[in-house]
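This report concerns only the one structure given below.
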Amino acid sequence: MKRDDFLCQKVEPIELKTEMTVNELIEEFGKSQSFGAGRVSTACDVFERMVRDKNCTICLALAGAVVPAGLRAVIADLIRKRFIDVLVSTGANVFHDLIEALGGHHYVGHWSVDDFTLRKYHVFRIYDIFVPEEDFVKADAKLVEIFDEVAEESRGNTLSTNELIWKIGSRIADPKSIVRAAYDAKVPVFLPAIRDSEFNYVYWLHSMRQPASQPLKIDSFKEVQEFVDIVERSVRLGMVVLGGGVPRNTIQHIAATTRRGLDYAVVITMDRPETGGLSGSTLEETISWGKLKKTAENVMVIGDVMVIFPMMVAAVLERLGKDFIRRERSNQ
Amino acid sequence: MKRDDFLCQKVEPIELKTEMTVNELIEEFGKSQSFGAGRVSTACDVFERMVRDKNCTICLALAGAVVPAGLRAVIADLIRKRFIDVLVSTGANVFHDLIEALGGHHYVGHWSVDDFTLRKYHVFRIYDIFVPEEDFVKADAKLVEIFDEVAEESRGNTLSTNELIWKIGSRIADPKSIVRAAYDAKVPVFLPAIRDSEFNYVYWLHSMRQPASQPLKIDSFKEVQEFVDIVERSVRLGMVVLGGGVPRNTIQHIAATTRRGLDYAVVITMDRPETGGLSGSTLEETISWGKLKKTAENVMVIGDVMVIFPMMVAAVLERLGKDFIRRERSNQ
Amino acid sequence: MKRDDFLCQKVEPIELKTEMTVNELIEEFGKSQSFGAGRVSTACDVFERMVRDKNCTICLALAGAVVPAGLRAVIADLIRKRFIDVLVSTGANVFHDLIEALGGHHYVGHWSVDDFTLRKYHVFRIYDIFVPEEDFVKADAKLVEIFDEVAEESRGNTLSTNELIWKIGSRIADPKSIVRAAYDAKVPVFLPAIRDSEFNYVYWLHSMRQPASQPLKIDSFKEVQEFVDIVERSVRLGMVVLGGGVPRNTIQHIAATTRRGLDYAVVITMDRPETGGLSGSTLEETISWGKLKKTAENVMVIGDVMVIFPMMVAAVLERLGKDFIRRERSNQ
Amino acid sequence: MKRDDFLCQKVEPIELKTEMTVNELIEEFGKSQSFGAGRVSTACDVFERMVRDKNCTICLALAGAVVPAGLRAVIADLIRKRFIDVLVSTGANVFHDLIEALGGHHYVGHWSVDDFTLRKYHVFRIYDIFVPEEDFVKADAKLVEIFDEVAEESRGNTLSTNELIWKIGSRIADPKSIVRAAYDAKVPVFLPAIRDSEFNYVYWLHSMRQPASQPLKIDSFKEVQEFVDIVERSVRLGMVVLGGGVPRNTIQHIAATTRRGLDYAVVITMDRPETGGLSGSTLEETISWGKLKKTAENVMVIGDVMVIFPMMVAAVLERLGKDFIRRERSNQ
C-alpha cells in the first residue's frame, strides 16, 4: 500500500438536526466511520444486505435477558417478517417470553435495592427488572399441562427442542410472543442448552406426574440434524448475535461442521477478546476455524444490545421501506 | 416498602416501525426502562430538563478522541445554541478541532493495520482514524504564529486557558470549529491539562522564537477562579460527561469546592467502578463528596460516546422543537 | 450507623519483599482491603473456608477456554484433592482436556495474525492459542470408538452427561486429565450444554456408524436429578465460578430449585452487570432468587481467570499446608 | 511463515504446589503463555529487563486511586531502589500520599453504602475506601503553610511541578511517603494536571493569604523542559503505566517529541481500545506515532492494577535477588 491509500476518505463531521429519523442518524454515523459510530453504521449495512439477500438464511443468536427487558415484540416481529430464519436462544429468553404470553409480567425495578427484601416478597431481580415468583409459578403450571398434552400427542417419539417449541407455540394466543410468531412463521427455534433453564423444572414437574415410561422425550442432539439440513439447503448464511454464549457458538459451529462458513455476521456484545472466551472473540478469529468466510461482510459492535439492536433494526426497516417483503411464503 | 411498591410499573415491549424518528425510538426505550435502553432514555430526560432549565449552567466534559471521530460539528452547534455553557476538555480534542479548522483532516482508517508502515509514511493512528503528520505540522505552524501575536497583545499579562482559546477562536474562520463557536458564543473553554497535549509543543516552538522575557504566560490555575465565578453566579449546575478523566474531575471538583453540588448529571462512559478510578466511579459515590446533590437527576450510561451522545442530542433537539431558544443573548 | 463505624479499620499499605510466597502477597492485599486487592484477598478467605468446611459440597463452574490455556492440571489436581465435589463445565473445556489426553496439543500463538493463513494451514485460533485441526480429528476418532464401546455397554439405557464422562474417564490414561481425575475421584462432571460442543460432532459420527436403534442415548435432563440428589445430601453448598455462562447458571439454578441456597460463592469474571446478562450479574442479585443465602460469604472478582484463579489456589494450598486432607474417602 | 512455525511451542500446563513464591507462580504462567497469564508473565519479563538495563530511564505513570488503596509504600520503595527514574502522576495520588504523610488515613469501606449518610458525616468515598473530610482539611492546612514557606524561599521565581514536590518532600518525615522518597532519591515527580486536584484548592487558600504579588508561581509547562532534558540524556527509555490518562499520554508524548521512542513498555489497564480513548489504546497504535520503537519489548495487561502490579513487582524483586542494586548513586 502506498501512503495515499491510507489517506483517501475523510472523516466527515456528524451533523444533527431537529427531526431526524433513526436511519438519518445512522447515515451521519456512516460519515464518521469511526469508533462505535462506524461499527454501528457498518452493522446496519451488513444487516440490510443480509435481509435483501433472499438466498441468505439468517440465524439470530439470543443470549442475555433481552426478553425480560422488552425486546420480545421486536424479535417476534422480525420472525413474522422472515428477517430471521432460525432462532437460537438461551432457554431463559424463550421461557420469559412464555411468562408474558401466559399472563405474567416483568416490572421496572432498580439495580440498587435490598435483595433480601425482594427475597422476602418473592420478587426476583434481573439487574433493574423485577419478576414476581407467582408469574413463574403460573407459567410453570400452564407449561406442565402443555407438556402433558404434548407427551400424549407424541406417543413416545423423541422431540427436538424446536418441535417442542412449535408445539407450545400452537397453544399460545399472544401475537407478540416469540414462540407464537415462530410457530406461525415456521421459523425453527433451537435451544441447545434447554436443560439449563426453567424448562428443566417444568420438565421435572411434568415427569413426576407421568408413569415412568410416559414422560416427554426431548433430545437436544436432535435439533442438530435439523439445523444441518437447513444450512445445507441454504445458498448463503448470515448470523446476528445478541450477546454471545451458547447461541453464538451453536451457529458458528454449524457453519464450520457443514463446511459452509458464514457469509454475513453481526455481533453485538460487551465482552472483550483478551480473556479468551468465545463471547468476546473477534470475528477474525472465527475465520481460522472456517466459521466465517474470508470474504464475509462482518462487524462486531461493542455496546449494550438493548440500545444497539433496536436502533439497527429501526434503521434497516426504514431503508427497506413499508412495502418490502422479504420472502414469498410459496417459495419456501 | 410494601411488595406492591416493587411491582407497580410494567416493562412495556419496545415496538419498532418503518419510519421512526430518533426520539420515537427513545420513547420506546422509555417503555422498557431496562438495562441500557432505560439508561439512555433517562439520559435524554435529564439532558432535556437541563436544557429547558434556563437557570442551569451546563458544563460539558470532553475526553476521548471524539473530535477526530467527527463530533466537532455537533459540539460546536450545541455551543452556538447555548445548550452548553462551559466546555472542559482535554487539550487533544481542542487541538484536533484546530487541525481541521486550519485545513487539516482526519481520515477513515482501520484498527488492524501494520503500524510500522504507518510510521514510515508519517501517518498517525487513533484506533481506526488516520492523521497525517503534515496536518499536525501545519496546525503547529499556524498556532505558533497566533501564539506570537497573542504574546504581543497580552504584553506580559498571564492568560488563563480560556483566554488563550478565545484569542485563538477570534482568528479562526471555520464555523464548524468548536473553538470559533466558543469565541462567538462567549462560552468558556477550560483545558485543565493543557500542558499534556500538542499545545505544549506549540508553546515550546513559540517560546524558542521569543526573547526570554516575552513568551506567552499561560497559567492553568487562573481558569479556576473564572470557573468558580461562573458557578457562584449560577442558580443550578448541570454536567454532561463524555468519557471521564480530568474533564469530569474538574467539573465535579468545582461543584464540591464551591459547595454548590450538581443538580443534573449525565455520564457516558465504558469505564467500570471496581478498579476505583474516577472515570468509572458511580454518580452515587459523588454524593458523598458533595459533588452531586442528593436530589439531583442523574444517570450513567455504559456505552460508546460516539453512538450514545449523538442519539441523545438528536432526541432532545426533537423534543424541544425547531423554535426553541435556550437563552436570550441579552440576558447573559 | 455512627460516623466512627465508617472509620474503624485503616487501609494498611501493601509491602513487598524479595522472596514472598503467593500467600504472603495475598496477606498484603488483605491489609489494603481495597479495589481488586481486597476482592482477591476475600476470594482466598472464602475459598479457604469452603475447603476447610468438610460438610460443604463445592461446585466449580468452568466456562471460557481455560483448559486450552493450560489450567487442566490445576483443575485435575483440585478434583483429586476433593477441593471440588462437582464440576459443571462447557463441553468445550472437557473436549479440550480430551484432546490433550488423547495425544493432541495446544500451541502458543499470537492474537494478531492473519487468520486466513491459519485457515489454509488448518490451524484453529483461540485468542493467542493455536490448535491444529488434526488434533481435533485424532480426538474425534478415538472418542467415536469410545462412544461405540459405551453404546454397547449401556445396552440402550440412557446416560447422563456425567455417566458418559466417567465412562470416557475410565478409558483415559493421562493423570493430568480432568476427565480421568473426575473418574478416579468419583467427582461428577455435568455438561448442561453438551450438545453445543465438539461432542455433538463425535455423537453424529458415532450415530452414522450405528444401526438406527443402537446409538448411545444421552439425556442432558438426566443429570439434573443426579445434581439434585447431591445437593439434598449436602449440609452446605459452595460455588466457585470461572467465567459465567451456562455453568454458573446451572449451579445457581440447582441452589434455588432445591431451596437450599449457596453458603459460599466466589465468582471470577470480566463481565459487568449493567447489560443484564447472567454472567455479569452481582451476587447480591442472586439473593433475590434464593440462589444465595443472605448470610453467605461471597465475593465477585473482576479479572482474568487465568491470573486470578491460580493465584487464589496457590494461596489457599499454602494456608492449608502439605498435610491437609480434605475428606477421607471412606466418609463419602 | 510455514505451518510448523505456528505450531512450535506447546502450551504447558500450569502446576501449583503448596508453598510457591510469587515468581514461581509467574514462571507457571510463562509455561501457559496464554490469555492473561501470558500477558502477566511477559510483563514481568519486560519489567525485569528494564530494571536490569542500567542505561534505561524508567518512567512510571500513575493514575487511578492506587495510593488511597495502599500502594504508596510499594511505589516509595521502588523510587528509593531507583527502579523508577521519573514519576508522572495525577495530582490526586500525590495529594493522597501527603494526606497519609501528614497524619491522615484512608479507611476500609464498602462500595454499597448510603452515600448521603456519608455526606452527613463528612466522609468521602472512593469506591470501597472512606476518607474523612477532616483529613483533607488537616493536609490542606499544613500544605498551605508549606506553600507559604516555599513562596518566600523561591522569591518570585517560577517553579515546575517537580520543584514544588521536592520542596514539599524535604519537609515530610514519613519514610513511606512517595513524595519524601522522591526527594531523597532525587527522582522527579511531574504532575501535568496539577491544577485538576486538591493542590488547586491549597494553592487558592495560599494565594488568599499572600499580597497579590507574592503567591507561589507554578508553571506546568516548565516541567516539560526538565523531562525533555532527562530523556535526551537517556540511552534507553522505559514506561510502566498504571491505569492510563494524562500520565500515560505525557510519557508517550515526550517519547515522540524527543524523537526517541520507548524501548520498553508495560501497560496495566481495564480500558479497551474500541472507543478510541488513549487509555485503552493498544501499544501497537503508539508505534505509528513514533512513541514506541518497532523493536520495543512491550505488553498490555488487562486487569486491576492493585492485583497485577504488586504481583509483578514481587516477582521481579525475587528474580533480581536481595543484593541487586540498580544504580550507583555516584553514577548519576
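Read from first to last, the chains carry the letters A, B, C and D; within each, the first residue is number 1.
The criterion applied here is as follows: a contact is a pair of C-beta atoms (placed from the backbone, for glycine too) under 8 Å apart; a residue touches a chain by one contact, two chains touch by 3 or more.
The structure displayed is predicted, hence computed values, not measured ones.
Novice: If you apply the touch rule, which chains end up adjacent to both subunit A and subunit C?
Specialist: For subunit A paired with subunit C, the chains in contact with each are B, D, in label order.
Novice: So, comparing C-alpha centroids, which chain is the farthest one from subunit C?
Specialist: B
Novice: Could you state the distance in Å from the CA-based centre of subunit C to that of subunit D?
Specialist: 36
Novice: Counting in whole Å, what is the centre-to-centre distance of subunit B and subunit C, each centre being its mean C-alpha position?
Specialist: Here the centre of subunit C sits 45 Å away from the centre of subunit B.
Novice: Subunit B to subunit D: how many Å between their CA centres?
Specialist: Between these chains, centre-to-centre, one finds 27 Å.
Novice: Touching two or more other chains, which residues of subunit C qualify?
Specialist: If we look for residues of subunit C contacting two or more partner chains, we find 34-36, 65, 68-69, 112, 118, 123, 127-129, 270, 272, 274-276, 284, 302, 304-306.
Novice: For subunit D, which residues are in contact with subunit A within the complex?
Specialist: Subunit D residues touching subunit A: 34-36, 39, 112, 272, 274-276, 302.
Novice: In the complex, go through subunit B and note every residue touching subunit A.
Specialist: Per the touch definition, subunit B meets subunit A at residues 1, 3, 6-22, 25, 28-29, 31-38, 40, 65, 68-74, 77, 105-109, 112-113, 117-118, 121, 123, 127-130, 132, 176, 270, 284, 302-308, 310-311, 313-314, 317-318, 320-322.
Novice: Once bound in the complex, which stretches of subunit C touch subunit A?
Specialist: Touching subunit A: residues 63-66, 68-69, 92, 111, 115-116, 118-119, 123-129, 192-197, 200-201, 203-204, 218-221, 223-225, 243, 245-246, 249-250, 253, 257, 270-279, 281, 284-290, 294, 304-306 of subunit C.
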